[in-house]
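Each of the next two complexes has subunit A plus one more chain, namely subunit B in the first and subunit C in the second.
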Partner chain A sequence: MRIDPTHGIVGAAGPRVDGLAQATGTLRFLDDLAYPDMLWGKILRSHHGHARIVSIDTSRAEALPGVHAVLTGADLPVAFGLLPVSQDEHALAVDKVRQVGDPVAAVAADDPDVAEAACELIDVVYEPLPVVTSIEEAVAVVDEPIHGEGPRDNRHREVSLEFGDVDAGFEAADHVREDVFFYQGNTHAALEPHGALALVDETGRLHLWSSTQVPHYLHRIAAKVLELPEHRIRVTANPTGGGFGAKTDVFSHELVAAKLALVTGRPVKIVLTREEVFYCHRGRHPVLMWFKTGFTADGRITAMWCRTYLDGGAYGSYGAASLLYTGQLQTTTYRIPAYRFQGARFFTNKPACGPKRGHGTPQPRFGLEIHLDKAAEDLGLDPVTIRKRNLVRPFSTTVNHLRITSCGLEECLDRVVAASGFADKHRSLPPGRGVGLAVGAYMSGAGLPIYFNDMPQSEVMVKVDRGGLVTVYSMAADCGQGSTTMLATVVGEALGLDPGDLKVVTADTDLTPIDLGSYSSRVTFMAGNAALEAAMKLADLVLTAVADELDVDPDEVAIGRGVVTAAGRELTWAEAVRIAEARWGLLSATGSYKPPKDIKGDYKGAGVGPSPAYSYSACVAEVDCDPETGFVTVEKIWLAHDVGRAINELLVRGQVEGSVHMALGEALMEEQAFRGALHDGPSLLDYKIPTVLEMPPVETILVESVDPEGPFGAKEVGQGPLLPVMPAIANAVHDALGIRVDEVPLRPDKLLAALRDLERGGEGRYGPTKLPDYEFRSPLPVEPPPEFR
Partner chain B sequence: MLRLPVLRHAAPTTLDEAIELLAAEGTMLAAGGTDLVPNLKRRQYPEAKTIVSLRRIPELRGIDLLDDGSLRIGALTTLAELVADDRAAPALREAARAVASPQLRSRGTVGGNLCVDTRCHWLNVPETWRRAAEPCLKAGGDTCWVAPAKRFCWAVSSTDLAPMAIALDATVELAGPEGRRRIPLEELYRNDGMAHLTKAPDEILVALVVPPLGDRRAGYRKLRRRGSIDFPILGVAARLGFDGEVCTDARLVVGAIVSAPLRLPQVEALLEGRPLDAATIRAAAEAAGKAVRPMSNTDLTSRYRKRMVPVFVRRLLDELVGASGATATS
Partner chain C sequence: MVEPQVEPVRLEVNGVTRRLFVAAHRTLLETLREDLGLTGTKHGCELGECGACTVLVDGTPTLSCLTLTVEVDGAEVVTIEGLGTVGDPHPLQRAFAAHGAAQCGYCTPAMILTAKALLDVDPEPTRTEIAEAIAGNMCRCTGYLPILEAIAAVAEETR
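Let's look at the complex of A and B:
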């Protein structure tokens, strides 16, 4: 049911409810927590990329004064993993280490220096094993695979699907083109390093605080690994100093801090170093990809075949989902009548990849948007026209059975093209300058939960006291995206109250009802809907009670800004609430959200990609390239985003600008690179993130398509705006210099290599040309929806 | 956060006291500490036992204009103070402004930047990382991983200030147990990543003295990935004097190539005694490119950095020639 805001609270650009605390440094991050008798935990990590653990001797560490406990893998033997299909991690290594940085042993000590010294005294004997550090190596059969028994290759998962008759689509095409792209891995680099603190409380229950985006999953996994019932564990997620997906997995330090607290009976805190954060990773997968697409002469897609190869790192993590994401969302922006997707994820002896802003979709989006640009050039079309000929329509179904509802893609495209003057600038700017265009789409929450269940994904409870204070309870974890402000705003809008006057209790498994976590851009849509339902129920209780009390028709009672009006009378909110409490008793209400069931297909793999709504973005980048140094200066970014409806315009714009900044780093400089199994530079000096000096002006255009199912029509904004930026920059570099750099980051040396290729009569390209020697199984045919038959 | 090793901290108030302290084993000097502290946290100086801070020695502070027009810059002058001092040559201020980030320039010092330790991506990494590789030469091992064939450390000189100050014919005052001495700044350095400074361990750099520029032109260009924070991966400093259109004296110094700032006299010779037309500048730039061989020990590839040398030299010379109005360049 569509509910429109009437109080001017939704849509305003008010401050975050926690903004003052953030700005003044009073918000309590994990590392701000301390207890008088607290111990410091430290994890000893592997310096081998791949090795068998022959023996661990902890006796010298245990003998060090100030050491209270030493743990090894034997103390935490239960395997875990965030996805039910990937239970392949241990809190501390058992038998084998698979990457530099794998946790091997842990200590709790009086202070951090003793903890560090104790780690030095743990004697581990390793038997080094051959390391696998690339997809090319991972496809080979080896005696000692990273997981499982050999000899076999290091493939983790494979998918091979076909929707409709792709070969027939290629047959019918006037033009078919193939391209290979590589998207280098990169990491989240949230400013706050991960940390956890655990203690056993006065009732004997374990309380675990963590800088996590997923308190519920941490709760479940902690119960499993610590072998405690869930009701004996309380998890609190602290506000995080950035997450971007980095803190959506469960990590060794969280489980180890908990176990150390249980063993010692004292609070234990572990805060990771930046180097350890780089080893936790779960960031962007390096993806090698190949696109083959057929077009009619006027640019309509007849069929597409996409193959992706993911370098997954040492563990499964979210990888089984990441793999599907590299193929599933291509159909959400363009109508593809026949589609074949084959992908494989491989284990390598590097930190595990996982979900980073855009989870698995920025890589194929980069390839697809450049591929389309190249096809447009082949066909003598401009980049806008070829996209317009293929745009997905609102309220339609894709060939892979994704349900599209509200879709402001065309408006995004039109407005960004108009605002940037793209048509006048494209192919018309002086040498070295260029413009590029790309679009993207992203989910407003994954349609399916991570573990199979039929319960809601989000639940919210609201309660009002006699003074009129409304308290909102939700497990949604604010990872900086503003979910706490969103909850206060949605409930505030429904009740006519200023968001800053509400109290929001979040992210605590003892106190708050379920929210699955801050990932897949799900919180505004799902927790927002649950909050709206609860608030509407509460409003109804108040309105009914006031109507009874004043003996008027319920239709004559209305909620205004901080007041309830009825038949010419005006009550303050608190007065109205007291009438309602007298009528009903404790004033509280709950709301729940579960995505509709009819948004997905019925095939293996259909669970990844469906969402109750998709956001849409279009981007134009204008660049200035130095042909002698290969440096790219992004002069300006125009970004139009269909957010459905902006709950808080300031936060929406902030998410767009933050996405552009992150995208700029991915496009131009950030890379999680390695020397063998060794990270190329696990520090914020060596890992290059753009500074404020590299950040161009961003013109943000908000498109409000008002989704019929979103809270007040809202959709996501946290991830989608990142997607089109990288390909827009790459397409702009092509417009500027006539070269194609078909991989990120577009480092200056790669631009120079492409320019040299051009000078020598080549096509002026830098990028991958070969695919790994890997045979996919033949695709599983899936019957497309009726409109494609 | 990485932890500092356990260290003694001494804060003498006079130079003599500081020099005396330095006689002991395992002492290290600290000025602003912006480079020393992270290096200590990465356990790059296992021999360090005592940090001798120079911050309480008043004599090391302040910028003075001397009678001969030279500027004497106390070693503990912060980079931000130098940037803000309009008595200093604009090129020197520009080089100081190219160091690190605004926050670090408020703390980092002129003496600290001149003495800043050489860097390498096999060394300036956490100790736990270094353990995964055999320790390199500078970390106490037997092999330089940048060029394993030779037992030599290629860690790269990473000062922005030194190339520019050398091009400006600067000198430095050193104080040690034997008293004071003054040497050309160029002679403070040696091309050895393990021991890149010629001063004795118990000598303290007291001041940088920069002669007046007169009507000569000078400039500095720095290659780095980002507009702030990053160390140079190439620095080019030049000073040119003219008589009419003819270049009468030239200084060209490149930084961040080897373990010391590298003056290129063979390139200077190509510039001196002739008008600096486009062809001359191009020839000099190409010669500079041929004269240097960066190693794979910092950001971006060595091949790329070598390719940038002629580009940066040519652009700097073009800019200086254009600014002098001596010769039109194409």
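Let's look at the complex of A and C:
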């Protein structure tokens, strides 16, 4: 909603409303909850990558003193999945296990040691099946596919779309270039391991607490799997100790804790170990990709063809959406007049991949931004010029029917180039040092909900008591991104109140109205808009009542900081509120947000990619590479981000810096790698994330394009700033050493291999060269929007 | 299951003497969180890798998930609950909130205790010394930069 802030509350850099609770250790995470008669749950997990379950004997576990219940797949037979099209999981395995770590049986016991001992007494007989661990293996027809009946291949989903005449675009081009890239999978590694606690309350209803980012989806799936009506279940999302997408799926331990509580009649808590968290995963898909793009001699894109191959792991999860995300957002930064996208996701016997910060878009963004850099070199252009020749324009439509509104991309690019001195440094730094550039864009919330419906995506209720306390009710789950502070700030700005003086009740399906969850960077835009609408209605009630009471014209009444002013008089907020309560009764108001309908095309697949607004980012990385060791040190990152408007500058900068940190890990060291079906190192010792010593200085530049539909003009910041960092680093490595590492992570051994290739007269490249032997079906032609015809 | 051996232990926790009987295999993290209800200390990895369970044992940052309670019999233990409250926060707690040094807040108690141990022995650390002191504490949200700022700001204040 386009309203300008006037109270200096939006745009300030105040602390989080829960900042002191965090700093004093009094913010209650899931594992901090306990009940006096609580039992501890533990899940027995498969150590096979793919096997048929021949038999399970739980009698020895049941006989162990201190054990109160043992469950197997037979107790929870209903299949589920986060997406309606992927109902392929069970809370406990039924007939088959498909990855190491698949849940097989569960125990509730007096203490964690007994629960663990009981799991070891469960006798499972497996019949091992052939294991598939790569896309190359997954394209082959086998007798025993991971899902469904054989013989068939292990393809999960495929997409094949064409917007405009791509072949004609290539024919019209002066230069056509093809490149292959590989983006290794990596995981969220949020510091808090997942957990759940369930009990049957005094009215016989189930209450399930979870470290989840999506209490509403958990609510729906719990009802389905437990075969209870939704109104018999209450889900509360605790503040999560980091999410990044890790906690946007529904997991076995949540459903199992609930079932164990129902069976035993006692509270049951399950907290995962770090190893279990690595096997739950749902993180970044490994993606092999190929780009073919035509350019005019002056660097304008004439057509693009992109193919992606996703290693999805054992289950669907969000994968049908992840697949589309690897193709859909290329058009949001560059004007591509004709575009063909073909992608396929495959099942393998590894932990299922899903959404991690940037969901499906960092991989193609990595490829695209390096591909463009290479094309610029072919054409004798610099990296800034080739991008500027192709920038998407504000308030335009893309060839795949995405609606672009506010767009500060050009300003981001200009400012990051100026601040970093990119033009002077590029191709000019001493050997071993280099700079690289890349851009990106991300959605301010997915335009469509996960299950089809016409209801709002976010609803907010505000209520005021006689003392003047404003309470905001929203299901938005704070996973550290600061959604609770955002709600307090938006409502506070509208009512002239300090965010710290408001009460915000969140993430409880009994108490709060719908918010679909903390994913797809949707909360500020959607819940923020709903909160603003509710607050404006409430302000109107107060202003009208005061005008009536004082018998002045409504235009003469205004909200100030903590006061209501009326024709020269000043009332405190509490005085004004009491006048309004006398006039209207209980003071409350609601707001709802639903994205506009006209932001998408009407082809199959058009539901993924549309958003009411896109954020934009540009990044310059400066690196120092050691040609002896192949080690890359990132010296500095400049990152400009178009956030529309910063609701809270401190939190916005925090998201940018945190994105840079996560991107640095993805670029240089993190990989969710496997030996066969076994994780290569499911611990934070083996899985390297950057420590403070690897973290470079970051110069953050905020660009405020003031979106016409965002709350006070705001757009997203939680995910977008990550996108350009990995390719900017890869492009900087090229500037430093003249080599190309066309995959992440850019490990030292890969740099050394590329350097050896260069020394031997090769092109100095490390990366994939061929694509899997897989035939896509012919693309479905989609008529482009009128301006492309 | 074999009945675990139980030992008597005396700890000075946040200035209060606590006498307990604990199983020999019980970690200090379990004792603090589950026996004493001090849940400000966090479990992140149970293997001493993430630093989220750090408490001060006789003033030294210590990974409570790798420390058996019986090993620290007689020691002084300081947890985040011993520093301050929302109403009366320690300067580090106030600075962490003001500088945005916590996003999810899970690493925060351990990070603050580690910073306190540094400032107790070196009230004027350089940025590099601060970074080295907290290098064993992982934060997945902030990129560490506001954490460095918050600690430096407290050092500056007390100078």
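In this section, the second predicted complex is superposed on the first by the 788 of 789 C-alpha atoms of A that agree within 3 Å, B and C clash if a C-alpha of one lies under 4 Å from a C-alpha of the other, contacts with A are read in each partner's own complex, and residues count from 1 in each chain.
The definition used in the following text is that contacts are C-beta pairs under 8 Å (C-beta built on N, C-alpha and C of every residue); 3 or more make two chains touch, one makes a residue touch a chain.
Note that this is a predicted model, so its numbers are computed, not measured.
When the two complexes are overlaid on their common chain A, residue A:His219 makes contact with neither subunit B nor subunit C.
In the overlay built on the shared chain, the residue A:Met662 is in contact with subunit C alone; subunit B does not reach it. More residues of subunit A lie in contact with C than with the other chain of the pair subunit B and subunit C. Judged by the touch definition given at the top, the superposed model places A:Thr273 against both subunit B and subunit C. Of the two partner chains placed by superposition, only subunit B is touched by A:Val100; subunit C is not. With both structures placed on the common chain, the touch criterion links A:Gly482 to subunit C but leaves subunit B unconnected. By the touch criterion stated above, A:Val114 is placed in contact with subunit C alone, subunit B being left untouched. After overlaying the two complexes on the shared chain, residue contacts for A:Leu678 are found with subunit B alone; subunit C is out of touch. Looking at the shared chain after the overlay, A:Asp18 reaches subunit C, while subunit B stays out of its contact range. Look at A:His48: by the touch rule set out above, it reaches subunit B but stays clear of subunit C. Comparing which residues of subunit A touch subunit B with which touch subunit C, the overlap comprises 113, 193, 271, 273-274, 683, 685, 691-693.
Contacts from subunit C toward subunit A in the complex involve residues 1, 33-34, 39-47, 49-50, 52, 79-81, 83-86, 89, 92-94, 96-109, 112, 131-132, 134-148. Subunit B meets subunit A in the complex at residues 1-3, 6, 101, 121, 124-126, 128-129, 131-133, 223, 225-231, 299-301, 303-304, 307-308, 311.
Residue ranges of subunit A in contact with subunit C, taken from their complex: 13, 15-16, 18-29, 31-32, 34, 64, 113-114, 117, 188-193, 239-244, 271, 273-274, 479-482, 650-651, 653-654, 657-662, 683-685, 689, 691-693, 695, 697-698.
Residue ranges on subunit A touching subunit B, taken from their complex, read 45, 47-49, 100, 112-113, 116, 193, 271, 273-275, 628-630, 669, 677-683, 685-686, 688, 690-694, 747-749, 752.
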